[in-house]
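Below are two complexes that have chain A in common, paired first with chain B and then with chain C.
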Partner chain A sequence: MEEDRQETPVESGAPDAQRYLDNWRRAEADFENYKKRIEQERAETAKFASTSLILNILPVLDDLDRAFKTVPEKLAHLTWTDGLRLIHRKLQATLEAQGVTEIMALGEKFDTSIHEAVGETTGEDGKVIEEAQRGYRLHGRVIRPAFVIVGNGKQQEKN
Partner chain B sequence: MARAVGIDLGTTFSLIATMQGGDPVIIPTSEGERLLPSVVAVTKTGERLVGWLAKRQGVTNPENTIYSIKRLMGRKFKDPSVQLDMKKLPYKITEAPNGDCKVVMGGKEYSPPEISAMILQKLKTDAEAYLGEKVTDAVITVPAYFNDSQRQATKDAGAIAGLNVIRIINEPTASSLAYGLDKKKESIVAVYDLGGGTFDISVLEMGEGTFQVKSTSGDTHLGGDDFDQRITDWLCDEFKKQAGIDLRQDKMALQRVRDAAEKAKRELSTMQQTEISLPYITADASGPKHMNIVLGRSKMEQLVGDLVDKSIGPCRQALKDASLTPAQINEVLLVGGQTRTPLVQTKVAEFFAQEPKKTVNPDEAVALGAAIQGGVLKGEVREVLLLDVTPLTLGIETLGGVATALIPRNTTIPTSKSQVFSTAADSQPSVEVHVIQGERPMAGDNKTLGRFILDGILPAPRGMPQIEVAFDIDANGILSVSAKDKGTGREQKITITASSGLSKEEVQKMTRDAEAHAADDTQKKEAIEARNTADNLVYQAEKVMREHGDKVPADLKQQIEGQIAAVRSAMQGQDTANIRRTVQELTETMQKIGASVYQQQPGAPPPGGQAPPGAGGEGPGPGKGKPDEGTVEGEFREV
Partner chain C sequence: MEEDRQETPVESGAPDAQRYLDNWRRAEADFENYKKRIEQERAETAKFASTSLILNILPVLDDLDRAFKTVPEKLAHLTWTDGLRLIHRKLQATLEAQGVTEIMALGEKFDTSIHEAVGETTGEDGKVIEEAQRGYRLHGRVIRPAFVIVGNGKQQEKN
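So, the complex of A and B:
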């Protein structure tokens, strides 16, 4: 008799047990999914950790770009100026090595996924007529769209 | 079961969040941003854009780029506020047959809920991609002042976007949830929400987990954008004074100044001054011109002071409407990015005569709170398993009365932990395991939970026997401690039920005591550690002299014996520095033995090197444990 009773499951406890087991499985599954997500996020974070630093350095590169656009004639041929150009190039190369790439803008079709319009001007409709500030990607993701001026089609009616 | 999301459908930006591992987290957009501009557009080619992409083309397509749609939600065309906004918004607003507003985009009319639905749809799609599962149930927030038709319009927007809106909650309520105020008892909360374009102040009364809005006020056209504009104007004026050129005439230059102004504002939240440096901002006949202006925090506060003051009037009004005085407010919460500006915080603190809370990211508080509400609503369906933590550190006493922690406080239970200890004396027959609870470094200052003795340890030199002590706390907080001699397999254990633990008050007292005695305790612990080090060194030195004494030159032998005696006598006293000094001297001399033994017998192990002197606090106790030989070395090095 004693032994029989030991082997019989406690009936009132069975539904509880099922529910607990179910909750346990759920909790385990939640945890597994959480671990996967954290792992994914860790990889993402590592890849894009430098984003804010790069975004803060880009304005310096912009300023150098602007400076070299307007080198006075009498300075243009000095080797000293060449040295500065090399520094400019070195900064670009350093950023490139970190996965930073330039976004094509001038003459391209205006594309809001990579360009941000800051103005309109006469020119072919929907084309980038002028690049106000270069855009950049980091590992393929747009970290700063190119600021562009878009043609309004005033000289060349579309359609 | 599908999870619920919380959505902050804002005037300028929207956010989406969900519960993950018990905490609310923001879900980034497909562009990798945490915020989504509340902007929708149809391009000239008929393509529909939402969020960042829509915002980026606004300049070229203003009449088909819809922003601030929240201002039109559930409002009649003849509503004075709609008439006012119409003058400022570049897109066309028309009257629907039922008197509601409609907006025109790409030559087609849309109702405000349809536009909002496009924003919600984008948030939903991005969240699904990020979470890898379908998202349907959502909690959406609205300003506390929204009336029934505005709330209904928001609900409609959710339905159009394919969301099952399980609840619409007030933004200040969501913020309160994000701050965890629902866990508190009755209190009166003021939520100060200064965003990009709107200002809201709400007074809530909380009780038993319910929130009741007592009053609301605000300014629908006051926000961070106004702050940026003030700084931009000032920069342009300064530059005009310096260079004689008005940058406002040059769109490209103006864009750069605006960006710099916004950046300067953000920097001045943490710094006292910032330099706005924009080389080659423009050019005239004489060549390129550079902007280089220093802006101090006090100057910025002068520029925006009246904007901050403008927010105080509505605060006064809200209190008046609720028939309350500032002193009756229990908590003040800061929400909205613009509240990061120190001047805003100071003025709010001044008005309410208390420090406002600002621990939750002000841009995200509303969405996070909505996600918490979603979790709560889902929690009603699913059984919630509450996990507890141990309030105090659990451990055992080791040599010299030092408390050695096994399970640190705030560890989530159930949990278990084991560690190997050893004996403190040669041929020690038994160890006593003294289980203690508390934060103090000395065992005697903590609470004793239980003691037991493990005997039958075979005769062996100190440090040889391996005694594994295991702690296990089950989900009910019941602690079992066992000690096992790994050599003989003998085991002893004790079970301590939660009831023999501590009351909440005791826990608080013990935590306070630990903080108060921290310095004192550290000194005591250091003294014991020095003593343990000395004890070990003397043991090692005597062992070496016994085994290798014949190879040691007589003068050195005499010196060592004298130094051993010095250490012993220092150990009788209370001067920790004296113990350390004598230990140091003996250690140095011992190294000479190594050298002399090696010279006589090349290849032999360094006698002094077997167990470098200098025992850590976890040294073996009389009747207490210490790890095996290998571990002994490792621990002894951390002097």
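So, the complex of A and C:
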């Protein structure tokens, strides 16, 4: 690289000196700014580096959530089933330890910043009546909104 | 930052010019080298960013592996159990898609770069006779060695 620069500027005196000094200062300042930006980026990157893996693991957690909502009665009290229940909790705990938290949905006021409406039903207007899929945050940032069914303000017909 | 530099070097002529030019070139070269290093680091970081999360998820996979080695006979053919088996495969597939691969162990020659001996037993000398815990690589790099029990060259006593 250095070989390309063949000009010998020593003789050219003061105007060059000013220009070189300016360039030097600019180069140093650019370098400093770059370093600062990289440091910020690096901290942010480390915090959210696993987002894509987490988003891919969440469906596994969804499936386990669903499976343990519908354990057949005759299996519910077996040691084997308890073992799987512990595995389910272990996966939850592992994700929590990484900064993953659940988004509150059921019974909350519908909020487009954390909820995504996938349907409506009878019930209090603008309130989350049902949670179709749990939402999650990573370090406070929404990585998957909760899929919810929202009340339409109509009363359920009786009889 | 710029305010600190109060020297006005314009009058000082050629020797300064040479020095400023050298400094400018050095600053530019340092900046270029730094950028190159950062780019390399960034590629490497992205590839292995999820290592710690993966290492934390592997015990969940171990538990599922173990659970499906010992399904009680009366549960083995239930839809609910099949559902969980699918969840198990989904977790495996998710990790594979991230670049996670299993380390071969059973029946292989014991290799300290991928295996960790946790015991010995009768069997062919220096051969992996039993796998106590599966090992894994991420993008080819060993992130968890396989825990294995190695043959000691003695024959199992017959009686």
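Here, the second predicted complex is superposed on the first by the 121 of 159 C-alpha atoms of A that agree within 3 Å, B and C clash if a C-alpha of one lies under 4 Å from a C-alpha of the other, contacts with A are read in each partner's own complex, and residues count from 1 in each chain.
The rule is simple: contacts are C-beta pairs under 8 Å (C-beta built on N, C-alpha and C of every residue); 3 or more make two chains touch, one makes a residue touch a chain.
Predicted model, so just to flag it, every value in this text is computed and none were measured.
Applying the stated contact rule after C-alpha superposition, one finds that A:122 touches neither chain B nor chain C. Shared-chain residue A:112: touches chain B; no touch with chain C. Between chain B and chain C, it is C that contacts the larger number of residues in chain A.
Residue contacts after overlaying the shared chain place A:150 against chain B, while chain C stays out of touching range. In the superposition on chain A, contact is made by A:90 with chain C only, not with chain B. In the superposition on chain A, A:32 makes contact with chain C only, not with chain B. In the superposition on chain A, contact of A:18 is made with chain C only, not with chain B. By the touch criterion defined above, A:101 lies against neither chain B nor chain C after alignment on the C-alpha atoms of chain A.
Look at A:63: by the touch rule set out above, it reaches both chain B and chain C. Within chain A, the residues touched by chain B in the first complex and by chain C in the second are 23, 27, 30, 34, 63, 67, 70, 72.
Residues of chain B touching chain A in their complex: 20-21, 31-32, 43-45, 49, 52-60, 251-252, 255-256, 278-280, 283, 287-288, 382-383, 385.
Against chain B, the residues of chain A that register as touching in their complex are 19, 23, 26-27, 30, 34, 37, 48, 63, 66-67, 69-70, 72, 110, 112-113, 115-120, 125-126, 132-133, 141-142, 145, 147, 149-150, 152, 158.
Those residues of chain C lying in contact with chain A across their complex are 1-2, 5, 9-18, 20-21, 23-25, 27-32, 34-35, 38, 45-46, 49-50, 53-54, 56-57, 59-60, 63-64, 67, 70-72, 75, 78, 80, 83-84, 86-87, 90-91, 94, 97-98.
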